[in-house]
Amino acid sequence: MIALLLILVPVIGGLITFSIKNENSVKGFSILVAVITLILALTGLFSNDQSLLHFDASWIPDLGTRITLGLDGMSKMLALLTAVSLPIIITATYKNTYADAGKFYGLMFLCQAGMLGVFLSMDALLFYFFWELALIPAYFLCSIWGGEKRIQVTFKFFIYTFVGSLLMLVAILFIYFKTPDHSFALQSFYHANLTASQAQWMFWLFFIALAIKMPIFPFHTWQPDTYEQAPTAVTMLLSGVMVKMGVFAVIRWLLPIFPAASQSNSSVIITLSVIGMLYASLIAMRQDDIKRLIAYSSMAHMGLMCAALFANQQVGIQGVLIQMFNHGINIIGLWIVADAIEKQLGTRKFSELGGLAQKAPTLAVLFVVLCLANVALPLTNAFVGEFLMFNGLFRYNPVMAGIAGISIILAAVYTLNMIQKIFYGNTVALTENAHDSSFNVNVALVILVIVVIVLGVYPQPMIDLTQGNANLFITKIP
Amino acid sequence: MPIQYYIILAAALFCIGVVGVLIRRNAIIIFMCIELMLNSVNLLLVAFSKMQYTPANGNKSLALNIGSDAQIFVFFIMVVAAAEVSVGLAIIVMMYRNVHSTDVNFLNRLKN
Amino acid sequence: MNAIIFSAGWGMVMMFCSFLISNKSMYRHIAVIGLLLLLAVNILESGGTSVFHVDAGDMLVYTRFGYVFNSIAIASTLIYVLLTGKDIERLGNYVAEYFVLIFFVLCGVCILSAYNNLLMLFIGIEILSIPLYILTGSDKRNLKSNEAALKYFLMGSFSTGIMLMGIALMYGGTGTFSLEVARTEVGLYKGVSFLEIIGLLLLMVSMCFKVSAAPFHFWTPDVYDGAPAVFTSFMATIVKAAGFIAFLKLCSVRMTATSTAIDWQLLFAIIIIATLLFGNITAIFQQSVKRMLAYSSIAQAGFMLFALFSLNEYASKGLLLYAAAYSLATIGVFAVLVKMKDVTFEGFNGLAKTQPVLAASNTIFLLSLAGIPLTAGFLAKYYMLASIISTGHYIWLVVVAVLFAAVSVYYYFRVIQSMYFKTGEPQTETITKSFKIGLVVLAAIIIIIGVYPQAIFSWLYF
Amino acid sequence: MGLMVYLVPLFPLLGFLLNGIFRKSLSKSLVGIIGCGSILASFIVSVILFSEVMSGGALAVQPLFQFINVHDFKIDFAFQADQLSSLFLLIITGVGFLIHVYSTSYMHDEAEEHFARYFSYLNLFVFSMLLLVLGANYVIMFIGWEGVGLCSYLLIGYWFKNDGYNYAAKKAFVMNRIGDLGFLLGIFWLLSKLGTANYSDVFANVSHLSPTDITGITVLLFIGAMGKSAQIPLYTWLPDAMAGPTPVSALIHAATMVTAGIYMVARSNALYSLSAVAENLVAVVGIATALFSATIAIKQNDIKKVLAYSTVSQLGYMFLGLGVGAYTGSVFHVMTHAFFKALLFLGAGSVIHAIHNQQDIRYMGGLKKYLPVTHLTFLIGCIAIAGIPPFSGFFSKDEILAAAYAANPIYWVLGVIGAGMTAFYMFRLYATTFLGEFRGTEEQKHHLHESPAAITIPLIILAVLAFAGGFVNVPEVLGGHEELHHFLSPVLTTEPAHELDHNTELTLMGVSVIVAFLSGAFALIKYSKKPELDEPKGLGKVLANKWYIDELYDAMIVNPVIALGSFFKNVIEKSGIDGFVNGIGTFIQYSSRRLRLVQNGKVGTYILFMVFSMIVLWLIFWNQTTITNFFQKIF
Amino acid sequence: MTATEILFWFLSALALFSAIMVLISKNPVHSVLWLIVVFFSISGHYILLNAQFLAIVNLIVYAGAIMVLFLFVIMLMNLNSNNEPQRNSLIKLAGVVAGCLLLTVMVSAVRSAGEISKSQAVMNEGDIGLIQNLGKILFTDYVVPFEISSVLFLSAMVGAVVIAKKE
């Protein structure tokens, strides 16, 4: 029941938000809906009652698909991430004004519902539906409220991901016809009878969709532009949660359905991921735009997750599982700072910034902590995930792990660069009269920072939560 | 006569019709060529109706009237052709009224 | 059969109305009554209660499939008339005649969904086509309309010629016009006459022409563009779907029987790819939404051809779904288009600001056309893909098709972009409240079919 | 005792949190009390702990909570207080406390908020360092390891308005990270082979590791040590790190953090002693660093830079000791070095403080009479580092050199040369700074005064330690009992026994002392009379420019990486990948423009196309088998 | 060579010749006339094949009604001048080539259809083509299409009125 409510509440809340005209009541109502969703997610997190956590109803018997929703460890965690992110985002961007605020927040909720659906669905067709459903609101959000080049950029993003998901649909359909009982249920998919060559083909069709979403080099070019052009609140949702859909789908669908194919293709994918990590890191080093830097940094991190996924090591998977959450938290924090700076000073260019630490010490401190999490410093949440992921990668191939490890050096370079150029040094004309971040931003950031530290120091609950998924997966490896 | 003669004759007439459609620009001539094509079909059908060997027609009830259906078909083709002609000529007249030409390439606004 | 009789009959009734009643808007109401009657009769007949009992011999064979399609066609026409009936009135003095012709077309549609004899196929196609030539040219002062009518007529007649040649050759090969042929599995080509195959090929060409499959699609953009938008809407939806239903029947009987001798799938695969290529690629560069929709209808035909390619349970069910989904969405899009004074993409700029209801429902129609999930269009595309994938072969064709589907998103979304993301002063005809309600209801139907298709699946068992 | 172990890092952590969070509201004195008090508390606990360890009542491992527990390995957040770590605890908290006290005065000019920030960083650093040495497994050590790197970054860039300082801070962090990567990979290797990173389990199971594994692990771990302890090739950050406040240099870049590498290798002695390759590598890198940085130190004019290079050089000695198996010697040298190098840095700080942030020794001179306490303590430090008996440096350095001789006489020869250079540049520094005439401006001269008690008292304490620190491990040949050696023997069991007879040992001692003495005296005489004020030429210039190593790195690594980044950003990303993606779009648009021309609006053309298509379909029909086979091959 | 055969060849040649003349006549009126010749020769074929009903209908409907309609329209439009714009020769050539190719393909297809190679079209006998027989079938088996074709006529009628009537 919780599973169903988790999706229904944002959908209904979003639809209601659509019709509210007054901006303040929109925001108030949004927070209410977001918090209700969060409470639901938390209830789910601490509940073990299977009847509460699962939902199963007939939907389209003719297509062999049912509304099957379930919260296992991984879903709980990602549902929590999705549910946490929205209140944080709304709080952090509370002072931003949007034309047609009702529609903006309504679409945000629909997007959230789509992502929650992806994380909860245990039925392939349902999964695909939600996968697309999350995309459409995001498309409108970016295209209506985005930056100057929003239309082309978002369109590219949309088409790009749409191509991927269509290919995935083909694969899903193909597997459906190979399932023993002609059903889209997760378990049937796990037992599909595919020949080796079929599995190979379907693997790639499936993978490309996920690779575009994550994104994995060289399918990434939609990402920096979109992150740059999208309104920052949406960027947070996209980079914090939506890209996790790709990773999630690898764990939930791709690896267990094609255990053999994913193993035989792992070297290619890991190589691509590792290239992507270094590539993105190097590009991030040369960026002059906060948003683009964070975008490339995120891409590097996603590359690591993908590499760890295909290393076929339980440790690595475990790392990815908790890193999904951690990365979401961290990157939302970074975006909040980026947004606060852009909203206050009207620029995102490093070359036009500097010395902000003198004017906005609180923001600086919080940002530095988040940056440290971004470079996976120990006792921040990201360390645990990256430690496990690199560990998995190392077991797969030490040399590869070593090469991939260069990215953590580069991460330090570009992250510290960013801190230095924005906050350190002397003030420039633009930052001369800057002031510290507003209360709502601080609240959001402090919450995130606390999460960062707490999960960095004591990650074990998160590991315990998702251990089941990692174990389940490992049994599927032949 | 071997049926093939008829087939080839019909095919030749048909193709002449096709060539006519392709090389003429006057809508009326093109239309006439189409009529020519229809007539070649008629001829072919009549020839088939009189074909001795009709393979694998299991329908015994029609045995007495083997081939008559083709001639009926020809009849219907003529009927339809007549209807088509009336509409077609009406369209051509309408066009002529507007542009004073029956050249099919004269009106060339719809393209690309 | 009753649907045929009633549609023809009501057509004649309306003929008389044309000089008995002078109030233009009355015609529309009479037509709506007629369509409702038609729908009722058809549904009754499919339930086993017929008003007239006519023994059509082997000329017409009614199946549940045919009835369902008739219902879809009639219901679509009803929606079409309800939404755009007013705009037909603006077209000239022959409003009643237009409705007459629409009823006659419906008669042709009902023949095509039930024919069991090539003669009926031929007559059905002609009954379908001849009124369309006229409707295309109905805007008599408009040279585009003239041109479209002339082109349509000449090419249509030409394809009729090819079709007849095909039928003649098929007759030469089998000795019958009946769709079902008793075959013995002996002789050359395993009981299949070579002449029949040649004939079928020609027939296929002309059917491809009717359903505007490439490379026989050339008439489509010009005719759809030139015809008055209200009639384009009708042509592109109900008529085209009827063509497909006829084609499907032809394929599932004759082509299946001859598949031992000829690999129809290969030919269809090539035609599908050509169709998707021409339709999608050419649509991209169009400046006029109307012409873009014409090309997109070719692209949609490419998807519908999947049904003819795979010819299985998914195919027939899917084709019905596709026909319904595609018709509903296209009627909706055209209903909006008719209201626009400028049918280029620029004409739509900023529509979301001035006419939010129009823009929103138009978006849903376009999403459905693009095959976005939770719309009827997705479900239709889903069935088409499933029909091929379930055979387990030609997966590459599916992959190509979905790539083209992604291309199609490009041009459909251009309209959405114009409406929502760009600013402008779109000029529209006066929009009545009832029209808006109609659009919203149509959009709701599309969404409901998309979200809970099980509601209509119970209708589709045959 | 069980309660107490975690108290050691807890106090600095609390200090960090208090000072950090309430930095805007606390007064300076309160900040100082919190900052110093937390370290003092920690020191007291450490002393108690040490005494318990001494008395043998120590427990090895104290787990706090599960840190990471996945299916095939388990990492506890656990502390291990044994002989080695308790010794380090004393050094860290002891020296750290002194430096904290020193800082209260030294940093007093800072604004309140920044003053508190400074102390919070310092406390955080001590916390991380304590984690590093207390951790019961490599992962906890790594946490501290990166933590000290972070604090180093924060403290070097403490004056964040200065871009040069920020750059130095970033450099330190990045270079440390390079080493950290090696460390991390080493841990992974361990984990993947043994499934554990606990010291006790690892050392108990070394026999399960193949020689390749051991070599690989130790080399990787050593790369980490290279970064942290500023060894070739990762040493260049340390001299730049002098951008930070001087007490920071004293604490981090002399006494504690840089010795983390030594601690780690010493801690892993069970592994290193099994791999000759790794040992040789450590020794070679160590001696090379020792010599190389000593040469640079000779020509530096920045007082802190000289000390920095001397630190690098001394660290090289420690690694030499580790490489040749003299673990105790190295740890001993860590301890004595902590005393005298902290002393020297603090002394230098006192000097800098006195003449208002002038760091160039060419503008000093003759400070002896203005800063008597500083002068005296600094001199003690110089003697100690030069290895003149009976100062502490002599004993520790001698032990290393003796072990080096036992391992390979060449090491010894090189070591002695290095020792000579050490004495040379230290006395050059001393002479230029304190002797002769004052060469600064009149205004500076006017303000010259001895530093306040908060600065001088730590100096005096450290001077005493620098003098006497060596007596804890007097070698047997000099009649000592090697107390430290015995104390550490439970954790450094694999140390090979000295094989040198007493005569050889005495000879070696004598030679090194004489060399050190002579070169020191030479420098003293040379520079007290005529300080080197001109720009150096020839080799001197090369040395003054640090062998152009930074430039070399820039040219070979930094610039290529930046260029690669730009290339990726501007070429590959824009024209390559995105170009390809957009190219698909452009191509489709282009083909759309072309393809629509087929639709030329002429009925004749349309029908022509149709006829041709019909013919083509026919041809396909006739060749269907071929085509079908072709397609089947595709899929 | 029997009289039938002679007639066959003569009529065939005439049909083909006149068909070609339809194409190449510059004057539309000539084309119409040549087309009528074609229809006549085809009717001749029908008679040879003993399909008298169709032969008569062909003459009445096609040659009589339809062609007269054509002629009427041409006269109405005053198109008897031979100034019709010509297609450029390349298109013409392409058209001819396409036609010839089509013919080649069709002929070769028919020739490879082995099952009819022995079949003969029966000349001068059989009574299926008689009006009596055809009428019977038309109003029994084919009554449905017969009735339905009335709809076709109605629509054509309505259409012609809509289109051709001046507003």
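Think of it as A, B, C, D and E in the order they're written, each chain with its own count starting at 1.
As a working rule, contacts are C-beta pairs under 8 Å (C-beta built on N, C-alpha and C of every residue); 3 or more make two chains touch, one makes a residue touch a chain.
These numbers come from a predicted model, not from an experiment.
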Third chains touching both subunit D and subunit A: C
Core chain by centroid distance, with centroids computed from Cα atoms only: A
C-E or B-C, whichever has more C-beta pairs in contact: B-C
Most widely separated chain from subunit D, with each centre as the mean of CA atoms: E
Where subunit B and subunit D are represented by their mean Cα positions, the distance between them in whole Å: 95
Interchain centroid distance [CA atoms averaged], subunit C/subunit D, Å: 76
Between subunit A and subunit C, centroid-to-centroid distance (C-alpha), Å: 43
Length of the line joining the C-alpha centres of subunit A and subunit B, rounded to whole Å: 65
Multi-partner residues of subunit C (each touching 2 or more other chains): 119, 123, 126, 130, 133-134, 137, 140, 149-151, 154, 158, 162, 172-173, 187, 193, 221-222, 395, 410
For subunit B, residues contacting two or more additional chains: 3, 7, 14, 17-18, 21-23, 25, 30-31, 48, 51, 55, 66, 69, 72, 76, 80, 83-84, 87, 90-92, 94, 104-105, 108-111
For subunit E, residues that touch 2 or more chains besides their own: 87, 91, 94-95, 98-99, 102, 106, 109-110, 115-116, 141-142, 145, 149, 152, 155-156, 159, 163
Full enumeration of touching chain pairs: A-C, A-D, B-C, B-D, B-E, C-D, C-E, D-E
Contact set on subunit D toward subunit B in their complex: 596-597, 599-604, 607-608, 611
Partner subunit A, residues of subunit D touching it in the complex: 65-73, 113, 139, 142-143, 145-147, 150, 153, 157, 160-163, 166-167, 169-170, 173-174, 177-178, 180-181, 184-185, 188-189, 191-192, 561-562, 564-566, 568-569, 572-573, 577-578, 580-582, 585, 635
Interface residues, subunit B side, partner subunit E - complex: 1-9, 11-20, 22-26, 28-29, 31-33, 35-36, 39, 42-43, 46-53, 55, 65-69, 71-72, 74-76, 78-87, 89-94, 96-97, 102-103, 105
Residues of subunit B that touch subunit D when the two form their complex: 18, 21-23, 25, 30, 104-105, 108-112
Sites on subunit A touched by subunit D in the complex: 156, 160, 201, 217-218, 220-222, 279, 282-283, 285-287, 314-315, 318, 355, 357-358, 361, 372, 377-379, 383-384, 387-388, 390-391, 394-395, 398, 401-402, 405-406, 408-410, 412-413, 416-417, 420, 423-426, 458-460, 463-464, 467, 470-471, 474
